[in-house]
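First subunit A sits with subunit B, and in the next complex the same chain sits with subunit C.
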Partner chain A sequence: MSDLIQNSIDAFQNSHPIIQFCAYVSFLFMAIIMGLMIYLKSLRSRLRIKGRIEATYKKKYEADLIEYLYADDDPENNEQQQKIIAYLAKSSHNRLKRKLIINTFLKLKNEISGETADAIQNLYYKTGLINSATSTLKSKKWDAVARSVRELTQFEIKEAHDEIIPLINHPKKEVRNEIQKYLVKLFRFDGLEFLDVLESNLSEWDQIQLLEILNKFNNLEIPDMSKWLLSKNDSVVLFTLKLARIYNQYEAQEAIKSLLNHTNTEIRIEAINIVNHLGIFEAVEIIKTDLFSRCLEEQIAFFKMMEEMAMPDDIPFIKEHIQHENFYIRVSVMKIMNLITVDTDNTFKVNTITPDFSIDKDLTIAS
Partner chain B sequence: MNLSKKIVLAEDNSILSKLLQFKLEKEGYQLLIATNGKEAVNLIEDNRPDMILTDIMMPFISGLEVISHVRNKLEMKTPIVVFSSAGQEEMVLNAFNLGANDFMSKPFSPNELVIRIKRLLQ
Partner chain C sequence: MTLNIPQQLIDIFDYFFFGFAIAAILSYIILAIISAFETVNYMKKNSFVNYSNILSSSISPSISIIAPAYNESLNIVENVRSLLSNHYVNYDVIIVNDGSKDDSLEKLIVAYDLVKVDYLINYQIETKPLRQGVFKSTNPAFEKLIVVDKENGGKADALNLGLNISTNKYVACIDVDCLLLEDSLQKMVKPFLEATDEKVIAAGGVIRIANSCTIKDGKLLDINFPKNRIVRGQILEYLRAFLLGRMAWSKLNGLLVISGAFGLFDKKIALEVGGYDTKTVGEDMEIIVRMRRHMEEKKVKYRVAYIPDPLCWTEAPDTYKIFISQRNRWTRGTIETLKKHKKIGFNPKYHALGTISYPYWFLFERAAPIVEILGLFYFSLLIVTNNVLWDYALLFLFVAYLFTVMFSIITIITEELTYHQYRKKGMGLQLIKTAFTEPILNHPFILYAALKGNFDYYFNKKIKWGEMTRKGMTTN
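Showing the complex of A and B:
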């Protein structure tokens, strides 16, 4: 046996250097794989233990929560409730346990309403979980701050407003997004006050999320949006234009008209679209005066707008552009001309019959 | 009187199940809990309950399949209340088409659920 090993070693030493190199690399990879397997095994076992611990505590907290909610007003049960509050408050000092308690509360709070949901909210206060959430707002870790704001939103803690609002211009967009959602979810249109002070860009995704939240509420008193339309932050102006369109803000007409000469092209185009939506006829003359000093996109938006807002007086102006080099403008002009016909005696009629473009079936290629 | 009334609750949210169990048992009903649609079907077949409460979205077999099984295969006329979440309006309509009697949109009030159960079991 020893001869065999000795011969193998000799053969390996006398072999070609490439073979030796490959053998060393193979040994190295085998060692790495073995190491990784051991690490993976220990990681899995740690995760399993953690999962078991989590499941045990989850069960315990669920039972405690149910017991707390169904303890009646009699003194004996009240004592039990106090014990549960003290136990949960003590447990919440541990990060993992706190996370599990919060998850348990939310798991039930999201599914029910009425007295029971209010009782869960009360428990959130009584266990002091609110204090740890508000104190985390001062943390230097942005993810901890974002998580706290989200938690305060989920538990509808309006009292944290004054502590949250100074963070509205936080350098991390995730934190800003959570704060915006907190304000709008809890304070609805009043929460949009952050638009007064927002310095950073309100992304398209942020805007969609805010509009979706507002869409869930009915019969809201809508504030005057003019001040946001005049904001120095272009994203705020664009977002407000969307709001003005959705909530038909006729009161903001003057501010919208002033946006027709905004420095940002996107805002000017959006303003033209809103003019059409709200039917601000005075704005038509404003755009007509300097239409050809405006960019092509604005001109297209203007003619598109005129498809719905053109008056007989506008016909000569529109007719001038029937040979415009841009296809979309030509199409819009033709649509307008098709809708309004001015007769020789200077009277006009609105054509309500849609032209028939269907192919006559009797016609053949030969005919 | 209510002691004899058996209710099958099919709900995958364990804590909501526990809460409803406490609430309904306090009202005198016997509650049988299933954590998924498959368990619910087995409980219904074995116990022939007086009422079925089912969530729409559940693992293995959905609430809609449970309703279909009860109405078409078992041919039971047991009242069925469906729990739905926001954005499941289409599914609620399907549930009614399959034979559900009532629905409650989450988040719902447990007290309101008790009232509806009492009304349906009258």
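Showing the complex of A and C:
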């Protein structure tokens, strides 16, 4: 046996370098595979254990929080409450535990209101969690900064405003988004001040997020939006047009009319879409004058708008386009024709019956 | 030792096969590294995303889910229910019954209280004519559902009719038997809404294999690991492709394919390029290449996005016959697409599309099986002529096998670190076992299917899609 091994070693040592290289690579791969298999096994175990640990700590922090909140004495003088504060403060130095504590606070804070919610807010201060969040705002890691801003938003820490606002043009989109949400959630329309200084584009996704945050509040005092409608940042203009539509900004009519000739096509189309909503009848004539020098999307938007805004005087103009090469314009023309009929005494009425969409097949041929 | 073939020729072949193998391995490693970084980056960024706001927003963009169905009577009612249970707010579901010979339509009519309606269709793409027409439900609970019954014209033709019917801004083209997760649409639409300095023309998500999983009322309840070895192999194959491949192509903006099982498209661009090509069996790849080519030629900055989250679960072939038929079709689809768009290949005018994606697909997808079979022929010839250096040959084969196994295990670890879907005890070991057996049990059939696909493409033009017998995913 030992001869066989010795012969094999000799044969290997005398073999071609490529063979030796491949053999070393094989050993290396085998070792890596073994290592990876052991790592996978331990990883799966760790993930399972992590789940259990998280559940245990979550339960413990929930119990501590309940005990703290429902203690009879004044928190300043209650020894047990002081112990809980100290324990939570100490635990929060561990990243995972801090995350679990924050989640526990937020879960309960979202379920209750009034004094108990305020007590959780106080605990956030007393445990020093707020200090670690605000100090992380200076971190070089973008995700740490974004996490801090999100946490300060969730705990509604208005005092952090001055520290957060300089980061509004942060190079990382995720940080900017968190800051925008912080400002709007905590300061409502006043928070939209960032639109004055925003250098980057506000994506449609970001706009939806901000509008939904605003949507959760009632009786908001709405500021004059005209300055944002005239912003040099096109995404700010588009966002403001959406705001103007949702919050019925009739005061912004003049600014909206000026946008009908904006250099950005998307803005012109959005402006046409809002004309109907705000009932800006003067805009109809403005667009009509150069309708066919505008792009097709604008023409479609115009006819769509006219479905709601057409007057009997517009009928001859509308009728001219019943054979328009574009399907959507043809459909709009037919809807308008079907909805408005002119009586002999020159008054108009709106047909209330369900529109008949049956149509000559020729008209459905693609344009 | 007498040489029947000149030594120089042998050397050329040796270096060619060796070089090709090294290039393939290097490309896999580079793609895997880029994918790993990109996935970590995605997970980090995604932890800040709130998907709930878009669900309640009045300005969420509208989406049409287009699902072609051909002889899907077995599961059609449950599949449609699954599509209707998506959490997204502003969407409709267009089921295109593509001339089914079974009772799919009748089942849908009964289950969803459908009635025939007059519907104005904007025929922007030519398709086969309607058969019984367009149906909508009288039940307000199913108001999002539109069923269209048309003459049979194939999957691409059915999708084109769906594009004509849709009045929404985005279209999600899916296989009707796919199980879409409830949050799939909001995740898929996000890249379109996030883009500010470029246009996102399409987005694809990860497809996972649902065989043996527990599904009830169109919802995925429990993930199990199948016993069938062909399916197990495909699970690993899909994980490798989606976790360690496509993410890198997305980063390089070089994605050439979005799975036909689930993809979201900007409808305007899809219509501008004329919709799906009905003359190819690889319509899912072809439309992406055509859309990209269109954008490159228009000189518009664009991107094809990719979401690494598992969004769609589908039934994979569980017999070698169906498996080979599917891979045969994929091969023909690749050949057809690359041939049709050969203009972009190695053409710097098309940027990454022409200089990275196309050459990669040409070399490592289109040509790889041919190189592999040539290698086998060459090896056989060397055996016959007694020119094989067995110690070299066996050691090289062993190294290649070990690399494949190692790569698969890295994929499994990536899956554990990211989505951790196979979390039941014992599944880790099953996945590792599969990593060892898959190169032996699945790869030879993939190679055979690819060769058959090449043969059928050149010598058997009549073959089109091939049947995919569904067993159904509605299990308990």
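A few comments on the model shown:
What we mean here is this: the second predicted complex is superposed on the first by the 253 of 367 C-alpha atoms of A that agree within 3 Å, B and C clash if a C-alpha of one lies under 4 Å from a C-alpha of the other, contacts with A are read in each partner's own complex, and residues count from 1 in each chain.
Just so it is clear, a residue touches a chain if its C-beta (ideal position, glycine included) is under 8 Å from a C-beta of that chain, and two chains touch if they have at least 3 such contacts.
Note that this is a predicted model, so its numbers are computed, not measured.
Contact with subunit C, but none with subunit B, is seen for A:143 once the two complexes are overlaid on the shared chain. By the touch criterion defined above, A:30 reaches subunit C but does not reach subunit B. Looking at the shared chain after the overlay, A:53 reaches neither subunit B nor subunit C. With both complexes placed on chain A, subunit A has more residues touched by C than by the other of subunit B and subunit C.
Of the two partner chains, subunit B is the only one that A:114 touches; subunit C does not reach it. Contact with subunit B, but none with subunit C, is seen for A:104 once the two complexes are overlaid on the shared chain. Look at A:211: by the touch rule set out above, it reaches subunit C but stays clear of subunit B. When the two complexes are overlaid on their common chain A, residue A:62 makes contact with subunit B while staying clear of subunit C.
With both structures placed on the common chain, the touch criterion links A:39 to subunit C but leaves subunit B unconnected.
Residue overlap on subunit A between its contacts with subunit B in one complex and with subunit C in the other: absent. Taken in their complex, subunit B has these residues touching subunit A: 13-16, 18-19, 22-23, 26, 106-112. Every residue of subunit A that touches subunit C in the complex is listed here, in rising order: 15-16, 18-19, 22-23, 25-26, 29-30, 32-33, 36-37, 39-41, 43-44, 47-48, 143, 146-147, 150, 174, 177-178, 200-205, 207-209, 211-213, 215, 235, 242, 246, 327-328, 331, 357-359, 364-367.
By the touch rule above, subunit C contacts subunit A in their complex via residues 44-45, 47-48, 50, 53-54, 56-61, 118-125, 190, 193-197, 391-392, 395-396, 398-399, 402-403, 405-406, 409-410, 412-413, 416-417, 420, 423, 428, 432. Chain contact summary for the complex, subunit A toward subunit B: residues 62-63, 65-66, 69-70, 104, 107-117.
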